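Labels A, B, C and D are assigned to the chains in the order they are written; within every chain, residues are numbered from 1.
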Amino acid sequence: MSEPILRVRGLTKQFGSLRALDGVDLDVTAGALTGLIGPNGAGKSTAFGCIAGALKPSGGSILFAGTEIAGMAYHRVAHLGIGRTYQVVQTFADMTVLEATTTGALMRHPRVVDATAVAEEILSFVGLADKRRQLGRALTIADKKRLEVARALAIEPQLLLLDEVMAGLTPRESQAAVVLLRAILARGITILMVEHVMEVLMPIADHVVVIAAGRTIFTGDARAAVRDPAVIEAYLGPRAAALHG
Amino acid sequence: MEQTIDVFAQLLVSGLLAGLLFALVAVGLTLVYGVMDVVNFAHGEFLMLAMYAAFGLALLGLQPLVALPLVVIAMFFFGIVVYRLFIRRLLAGPPEATVFGTFGLLVLLQGLAQALFTSDFFSIPNRPFAQTLHFGSVSVGAAAIVEGIGALVLTGALFAFVEYTETGRALRAVSEDRIAATLMGIDVGRMNAVAFGIGAACVGAAGTLLMLSYPVYPRVGADFALTAFVVVALGGFGSVQGALVGALLVGVLEVFGGFYLAPEIKMVPVYLAYLVVVLVRPQGLLGRR
Amino acid sequence: MKTIARDRNVLTLIGLLVIGVFAAFGVRDVVVLDLLFTLLIYAVLGQSWNWISGYGGNISFGHAIFFGCGAYAAAIATARFGISPWFAFPLGAAVAAVLALAVGYPTFALRGHYFSIATIAVGALVETFVKTQPYLGRANGFELPIANGFAALQFTEKWPYVLLALALFAIAQAATIGLERSRLGYYLRALRANYGAAASVGIDERRWKLIAFAGSAVLASAAGVLYAQYTLFVDPSSTLALPISIDIALVGVVGGIGTVWGPPVGALVYVFLAKAVALKLGGAGKGYDLVIYGALIVAIAAVRPSGIVGAAIEALRRRRAVREAGG
Amino acid sequence: MRRLILTGLAAILAFSTLPSASISAADGPEIKIGSILPLTGSSAQTGAGLKAAQQLAEDLVNGHISYPLPMAGARGLPNLGHAHIKLIFADSQGKPDQAKAAAEQLITQEKVVALIGAYTSSTTATASQVAERYGIPFLNPSSANPKLHLRGFKWFFRTTPHDGIFSENFFAFLADMKKKKNISVKKLAIVYEDGLFGTGSADAEEETAKKFNYEIVAKIPYSANTTEVTAEVQKIKAAKPDVILITSYLPDSLLYMKAFKEQSVDVQAILAQDAGFIDPGFLRTLGKEANFVFTREVFSLDIKQRNKSVPLIDQLFRQRFNNAPLDGNTARDIMGVLVLADAINRAKSTQPDAIRTALQQTDIPGERTLMPWTRIKFDATGQNTFGAGIIEQILDQKYETIWPFAVSVKEPIWPMPAWSKR
């Protein structure tokens, strides 16, 4: 297997007296979809925020395509080629779908005309072309999530970070989302995807990383993860047990 | 040489007392900020209203120290009313609405004061604590001592309230995480109203004490408020102890800057300190996060 | 549809310019011409404020200092250097831009109120500085030397001033229409809506806001040059002081923040109100003018934070939505 | 949106129903004089008083009750068929650009024959520029900036003394005191608020002090909205002046007086430029701590010793303006209107040139004014060079005129007693 595009080692994050991350290790293989899972409060979103640049880690290393990005300014991480979505959707409320996507595309295409053309293409790709004149805030949840994906894709990332894009979707919408993810992978974009519910990842994830209480407890095949005792304990066992695990 | 030391001591004491006065005005501002994430640009005008109230009561024969509880209570309810009628609406709008909305309130209250009381200066007759106290080579006005003690008591009381009472804990919970506080069953709207009320009550106490040494006029709040904003930013938005430390720092910087640099630029070190702190340590000297 | 709306902005501007040119040449009434000049200057100042505070969402309470940069540049150029006030445009612009960068650099990476407080503080500093510098005329200010002609930017008649103000207004409006269509415009709107999400698509808040703020400062400074040449008198209290900053913010807020036509509408309301207040209440010696301005800002903030033009756009959009749903 | 419109309408209705001050109407031909005053904005309160004062003067001229003042009781202008004068007011908002617009409006639309105004020096500067361009006489009764008359203007006349003259008064007073009481003053400290008012005074003081060979040991500007003056006072104390010359508004004057006392700044005298030191709040706040301060004044009711109409005019003014007493500003503006009416009457014409010539020939003896001036007569620059202020001292918590000795009512106490001995 080739060198991972993202390599995280010993990532820690302290909020005041609370240690949210206590040594997270994870590798993301280029061109594949890696799942990051864990029970509530395990630190998935924190780890995610540190990788994307939204949070400054307290320690550890994040190597992206050979560049150390731990603690780098948020917008610079984006320029290096990491796009992201948010768990709680963060739309540009007063912008239309097209304008919001164009805003993303402007990173690589400074002229608005060019960026708009790119955005149009991406909106067709994610299936929002017919809604491109609507305001971001007027969309359904599923469409808002699609818009977030479109905006992140518009910066033409090498690595796409998706934070619970499946949560709150109906089964039919989930299926559509899976189709979209496969299409994104087919474009050669690597995906790191956070999910709370393991089942969602099973069919699409090439690898999963499980974290609990701020630590990586499992790395490997998705099917193996559900049989791993530490993972089961983290999900089902008493919280105290997870802490010691 | 001895003389130089005397001057230094005098400047230090005067600077600290001036700082306590700034703290008096700033603690209410920082509390409101901490809980609501709103900088009340009309804070100085609340101070002005309290000063007019204290002046009115003084005309009725109530000296400031007697009138203090009355003004504090009145300002508390005034703060709650302003919150319910106005600030609540601002919070529902875009973030910049709170900035220009409270600024509009500043202009409105100043105008109303000018319309009702004219732009004349009023100070209380037969001012108490007018004597001068001498401590070795250092001399200070008794009123400044009373105001300084008032500032310490107020800061201490507010600190104790926030740290050790049920309501104080709820306020802190809201200031740390609004959503979590809602989930814990805290009525965030109510806490906002309480914080705004307490902020106004603090400035009620400040205004009453200030009448011991200062006249009231429509623009008086603006003269104090800018310093208060700087104090709060220096100390850390939302930190009561920070406001005290920031205020003392500003007071001393201003007095020393005035003497050792030049009087006309005495505010320069203060504002530069603000810009530097904002650049280097945006959370302020004692701020968290 | 979008293209039509864009063209509408351009068409409106062209229409207004035609009316303005006719007014400048056709109207002989000095009072009307004076009102027109004041209106145009306030519209430009409001637009300048709108760039950073409307589109950028960082409320400036110190905008008068940039206006003052231009006014003082004109005074220094003519009264001290004895050169043409045309040089005051680049001179004032440079100083204004440097000041804007100095205020913006430390504060733009932070939340909005840090910036707002810094603008008040720096406004006070600049005023103090000017008041203590003999070279800058201290509190006395300058009377500009009397001259005549295009090179001296002084005219005995009013219409050339109105035309110049109209030209500046046209530049400001065209630049704003351009801003809305540019990368900067998209980025400012994104930052205002959600700075976190904006950063996730590679937007450097500090960099883009500094560009907007510098542009805003340059625009205000140009208005200052024209004002100085028109009034022929420059002093701190009429160009730098906080009340002037308040007037500018008032114009920006009332018309509608973050819209092309908000500032001109705000200027219209402000100039009308100032005249109405003076006519109806002048001589009472009370602060009724402040009461009315304050109440206006308070009402807009509480009821329609988007201002008059913002509210109109929302109403139009609603009506169109209803029509589309019905059809 | 509808709510917004309704609010707006309500606001407009609310202020259209408020009573607006009426302009006195007269029968017969009228001669229009334009008056530019700060009727709104930060100086609006002063502006309202000045408007009332000018209207009083207008009624004095148009009325029939005679006072020992020029034109008072003349029933209009006798040389122009008893035509009444009519003041047309325009608002400067206290802003130079608005003052300019107001002057243009008065000249081109109201066709006024002369202008009077505009209180603050910056508005006077721009309004008089307009008058100069149109060739209309401009009479300035109350701006003190010492540069206004030095602009080479043909149409500008100023009745009031400027800061230069006022500060010369201080030094004349010191010279008189040297002769009379054999005092010895060498070192001066100048303290002033850094606005237009303080800067103008301080510059004039410094210039005059140099002329008379005094040593200036400290010159300290400060911002009037300061809340703390320890550093400034320590600097003054360290400089060991004989006399402090101070220009302040009220809040800062109180801060300084308290700090002088607290820091035991003992000097021979504190000489103040009116403003804060004659505000009613000064005595009310400081009580006996205010004693022994000297302040320059423009006007005092003590002038009744020379002109018996002073208390009567004061009464008339109180009736019109909320029982406010006549003061330096209002008295000067009354004189301004009277001087202008006198000139137009003598011009026997409303032609600008004729009025200008008549103004140049103005010569009114001091006894026929409300002011402590020796006469009103303009020099080539249009400045009345016979103006002067008076100097008062606070004695037993009352302002007593002590200089010029001709109108004084009390003996000055010099030096002021040390703070520790009071």
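The working rule: a residue touches a chain if its C-beta (ideal position, glycine included) is under 8 Å from a C-beta of that chain, and two chains touch if they have at least 3 such contacts.
Bear in mind that the values here come from a model prediction, so they are computed numbers and not experimental data.
A.B. asks: Can you list every chain that touches chain C and also touches chain D?
C.D. replies: Expected: B.
A.B. asks: Which chain is most remote from chain D in terms of Cα centres?
C.D. replies: With centres defined by C-alpha atoms, farthest from chain D sits A.
A.B. asks: Which chain has its C-alpha centre closest to the mean of all protein C-alpha atoms shown?
C.D. replies: Chain nearest the centroid of all protein C-alpha atoms: C.
A.B. asks: Quick check: how many Å separate the C-alpha centres of chain A and chain B?
C.D. replies: 45
A.B. asks: Roughly how far is chain A from chain D, going centre to centre by Cα mean, in whole Å?
C.D. replies: 73
A.B. asks: Counting only Cα atoms for the centres, state how far chain B is from chain D in Å.
C.D. replies: Averaging C-alpha atoms per chain gives centres 37 Å apart.
A.B. asks: Please output the residue numbers of chain B that touch at least 2 other chains, ranges allowed.
C.D. replies: Counting only residues that touch two or more other chains, chain B contributes 114, 118-119, 222, 264, 267.
A.B. asks: Of all residues in chain C, which are in touch with two or more distinct other chains?
C.D. replies: Residues 128, 131-132, 285-289, 292, 295-296, 300, 303 of chain C touch two or more partner chains.
A.B. asks: So which stretches of chain D touch two or more other chains?
C.D. replies: 42, 45, 194, 221, 223
A.B. asks: Where do chains touch, given as pairs?
C.D. replies: A-C, B-C, B-D, C-D
A.B. asks: Write out the stretch or stretches of chain B touching chain D in their complex.
C.D. replies: 7, 10-11, 14-15, 18, 21, 114, 118-127, 130, 132, 139-141, 213-215, 217, 219-220, 222-224, 227, 251, 254-259, 263-264, 266-267
A.B. asks: Show which residues of chain D lie in contact with chain B when the two form their complex.
C.D. replies: Within the complex, chain D touches chain B at residues 42, 45, 194, 220-223, 225-228, 230-232, 234-235, 238, 250-251, 254, 258, 261-264, 279-281, 284-285, 287, 289.
A.B. asks: Quick check: in the complex, which residue numbers of chain C touch chain D?
C.D. replies: Residues 29-31, 34-35, 38, 128, 131-132, 138-141, 143, 156, 227, 230-233, 235, 237-238, 243, 274, 276-289, 292, 295-296, 299-300, 303-304, 308, 311-312, 315.
A.B. asks: Quick check on the complex: what are the chain C residues that touch chain B?
C.D. replies: Listed in rising order, the residues of chain C that touch chain B are 53, 57-59, 61, 105-107, 109-110, 112-114, 116-118, 120-122, 124-125, 128, 131-132, 192, 242, 246, 249, 253, 257, 285-298, 300-303, 305.
A.B. asks: Which residues, counting only chain D, touch chain C once they are in their complex?
C.D. replies: Checking each residue of chain D against chain C gives 1, 3-4, 7, 11-12, 15-16, 18, 20-21, 37, 39-42, 44-49, 51, 89, 91, 93, 95-97, 100-101, 104-105, 108-109, 122, 125-126, 129, 133, 145, 147, 151, 194-200, 221, 223.
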